[in-house]
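Note that chain A is present in both complexes that follow, paired respectively with chain B and with chain C.
And now, the complex of A and B:
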């Protein structure tokens, strides 16, 4: 966001250079700056700072990088950290491979001219997005439950009965199942973003393509898809960041230990367990801060890469 | 003629895919709501059937409404969400007005300071926030949640509202200045009323995550008096896992108000997202 584009109509620009202190600017900015600094920026700074301290005999002492050594050097810590990070990456991958293409496909279909019931489909597909992950987790826990038996019955009806397993209880399926559940819930927003990006393509461009005989799938691939890349970029980065927030689903569906056998543990649940403790460990704010710091660094690195390398190369067409 | 037939087939295919996805989105929700109104036997014997005269039962709802403080959780969520939303919009609009209306030295620096918050989840600072709330004696209060959610919503609000305010014409404001209106009066009487369309976008982006959040209620306000509906249902559902009637009813009670609200406002909601800052 550039702030250089101050409206030329503003009288501030026309006034002579020397003017009295404009207190109203400070008054307008003060509440937002105060709340945002006090609740978001300073506590984040305090958290990062805490990562470099240790508590020894009830006293807090500067520990330099000792906590980070523990995280990466101590098998008990490093195993959980890498496990959670890999699970996060896998979770992100499921969303990118499944949710983004599906969102583009649905947006392309919804934006077909004169499609009947378009608003109805949009409303229906967006509905799960409104629900909290707590509700979503329980809904799917019930539906996938072997006790209720809805899923095995449905699979039987399709002739796929042999495929059923208690997915959320099996180490090899649980994270994939949760990823799919998350895609089910999150699909709405990327779909709407892609849809509005497609509607923003001017008719002249489409008409010119039609005159040249480019229609249907070819038109989609050659004309519309290239114009969608910036939106795909935005969706990618939003998905990446929200991935670090996906604590709610795992905690509700699998409990604080992210079972079975930590197979669904992500950085969010690891942070919570480390900070507050769980059955077999007591809480440790310093190690918790170390994990929060690592999450912060990862997000920062990815966002910088995105801003400097990817977003610059994306051509933005101005119509 | 052949082209026409091809178009018809393509249309049918489009409807087929859209219907399938819609069905996948709705079926789980419908299954839960329908079975909440059935007796325990019917839930298991005929899960896919609608409740009939014999299978209709409301034991679950009775259990939820009598044995939990569902109503008080609901009230807490309302108070927290609406207060946080009001704070976010008012403070966000004031800051956005300053950033879009005036040229001053720190303008772009402050703009960037807020934009950074779009990318960094506030949850990363949780340990510091809890520490702060303990020292301010705000743990287990709704104020703690309201403050956190205002801080969380401000970057989006400022981003969307600044973009929107840049599109407003300056004529009206300049005319008001010539008439001797103060900058405060211009903001509150002229600009704020014009912001309504952008406020819808901000409301969409901030309200749903606040209402649905589990993390901060769990950490900052887990007491019985301050539980939000999301945390309350998480705890209740965890305790009553084996009481299927109660679980299905509790889920239904949490789902239906949100979906009813959504159906009423869905046009505005979706327009809010499409016209929002994320482009």
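And now, the complex of A and C:
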């Protein structure tokens, strides 16, 4: 007995002490990983899987790429898909052209040193972001309504009465109107991000610029704006992902068929209509999953392109 | 301390079990008739609960535009209520084929209904019925009697007279001649096109021909009504493209419009809200002396969820629905919904009685697109919504619209030759 103890003691003393397994890393990560997998990863996997099956006579059969073939080959499906994609791209374009410059402009104005009531302006501009999409859609539908709304009267008062049209009911204007409403609602977050980025510019840099004689707009364009590009990049990619996933505003304002005549149909509403059905159309989970897969791939592709080509090249200044 | 706690827990458990056993069964009814909520709660359900004290019934409606999608999801997920309000024809047929609703052949009182009444809720061979028919609705035009009296107009009977009346109202300028919007799209299909079209395609003759494949939507009898509703444009509210269904209802009940294309389901709500007398006239005929046709559509049935936990109680409620007592109660509590039972019900509401009176002179036909031709993708009814709204907006011509509809139908519908 004591022999074995002595025998075992010496080899153990000769080997270096083994590092204990660091269980605490797994334990601390576990809740987040489990929750994220259960809520995001597993449903995503299940959806991607559904896209490869087909329902034939109430039975689910493996269909390989047949559903994708239908989406791109069949005239009607193809039309709706490309229509939704183009509408979505236009929707995103409105956000980029209007929201980002406006956010930068408002942030620049708000960060002026002696602006009175800046806290009030900040709150007022940020308020729409806190509203639910349902309320925003409902209120704007009412404001723009040709029957009950204040828009015709306001435009008349400004002498622009001839510009009024039932925007949400006309194919040419509906998507633009909804894009503008969405920009109005979403402006808050980019503005706050830009504002914080501007506040983070150290005073020494501004002072040095002023010593060199660069003030006002030139200072903004040459000093502040280049320091903002990383934030603009973040805002762009977040807006892209949010727009291509968006659904609420169009659904509450225009209904599930994204009228008039599918002119406001975006990928989100197309997915909802296909997957869950609408009015008298039965839901088709398989074609719906195909659309969801395409949305996933499109967003993934663009984000990867952005990260590889743009994000890496953005110059970040460290102070 | 621990003993007291133990006693407390056991006592609560026993009380709970006792309460559970004595708790009444609660049946939930899914429906799209959110406008009828108070009627069900105050008149219909108490009548049933008086006869069955152990059963409580809850009427839980969803917004009409969302109902189909919502009930499809709920039935697929197994979270639907015990009793399901059935749309007519193909939608519940699909649910029955997926075994989500049960057959009601064994409900006592099913022979109170005619075979025609049951067609909307039976399988194609007619052998199995899966929803108890509740009510039909009739489509027509309601008008503001005060406005007509003030302008010296009588209800029109022919299409030419109809447009003459509209012209007169428009010239006067005080009232909106015709109150219908296109934003929600379904009114363009059901209150506009399918309201007046039976007069052109001669009711059941045209509808059955379309289903049989011997008539096409591009035929003149189907294109003409589209041309007629395209002529409605100048008589609508300025900005009607953004006018929703509640907007249309409100414009009429506020007294701002003269004529409102209306289904009889509006009667109950309008009686409460309008401060003026409402009259009604059937869809105008093409030529004077033609036979008139009305869109008399079996609208609501009630089926039972296959996954209900309260099957016996649900069947008791369905027996109540199939009883003559329910027929009288429903037709008079919800005026505008006409019972489909064989028992003749004395309709008390004068406007409802006027609508029902058209059945005597005019041939009835259900809506054109609901039987068989909306089973596939794209289904004809949804397509018709978009195209009819487009015609009324002026963004598509009637022949082009009907051509696209027929093309969509042909892509999946092969009528049995």
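One rule holds in what follows: the second predicted complex is superposed on the first by the 299 of 319 C-alpha atoms of A that agree within 3 Å, B and C clash if a C-alpha of one lies under 4 Å from a C-alpha of the other, contacts with A are read in each partner's own complex, and residues count from 1 in each chain.
We take it that a contact is a pair of C-beta atoms (placed from the backbone, for glycine too) under 8 Å apart; a residue touches a chain by one contact, two chains touch by 3 or more.
If you're wondering where the values come from, they're calculated on a predicted model, not measured in any experiment.
When the two complexes are overlaid on their common chain A, residue A:257 makes contact with chain C while staying clear of chain B.
Contact with neither chain B nor chain C is seen for A:211 once the two complexes are overlaid on the shared chain.
Of the two partner chains, neither chain B nor chain C is touched by A:158.
More residues of chain A lie in contact with B than with the other chain of the pair chain B and chain C. Residue contacts after overlaying the shared chain place A:167 against chain C, while chain B stays out of touching range. Contact with chain C, but none with chain B, is seen for A:58 once the two complexes are overlaid on the shared chain.
In the superposed model, A:21 lies in contact with neither chain B nor chain C. When the shared chain is aligned, chain B and chain C each come close enough to touch A:148.
Legend: residue contacts after superposition of the two complexes on their common chain; A:283 is shown touching chain C, with no touch to chain B. Overlap of the chain B and chain C interfaces on chain A comprises residues 148, 276. Taken together, the chain A residues at the contact with chain C in this complex read 58, 76, 141, 144-148, 165-171, 254-257, 259-262, 276-284.
Remark: chain A residues 1-7, 9-13, 22, 24-25, 27-29, 31-33, 35-36, 38-47, 50, 102, 105-106, 109-110, 112, 115-117, 119-135, 138-140, 142-143, 148-150, 153, 184, 187, 189, 192-193, 195-197, 199, 216, 231, 234, 237-238, 241, 244-245, 247-248, 251-252, 268, 271, 275-276, 285, 288-289, 292, 295-296, 299-300, 303 touch chain B in the complex. Considering their complex, residues 65-66, 68-69, 72-73, 76, 87, 90-91, 94, 97-98, 181-186, 237-244, 247, 251, 370, 374, 377-379, 381-382, 385-386, 389-390, 393, 395-396, 408, 411 of chain C touch chain A.
Put simply, chain B touches chain A in their complex at residues 10-11, 14-15, 17-19, 21-22, 24-26, 28-29, 31-32, 43-44, 47-48, 87, 90-92, 94-95, 97-104, 107-108, 110-115, 117, 119-129, 131-132, 147-148, 150-152, 154-155, 158-159, 162-163, 166, 169-171, 174, 177, 182-184, 187, 208, 211-215, 219, 230-231, 233-234, 237, 244, 247-248, 251, 254-255, 258-259, 262-263, 266-267, 270, 273-275, 278-279.
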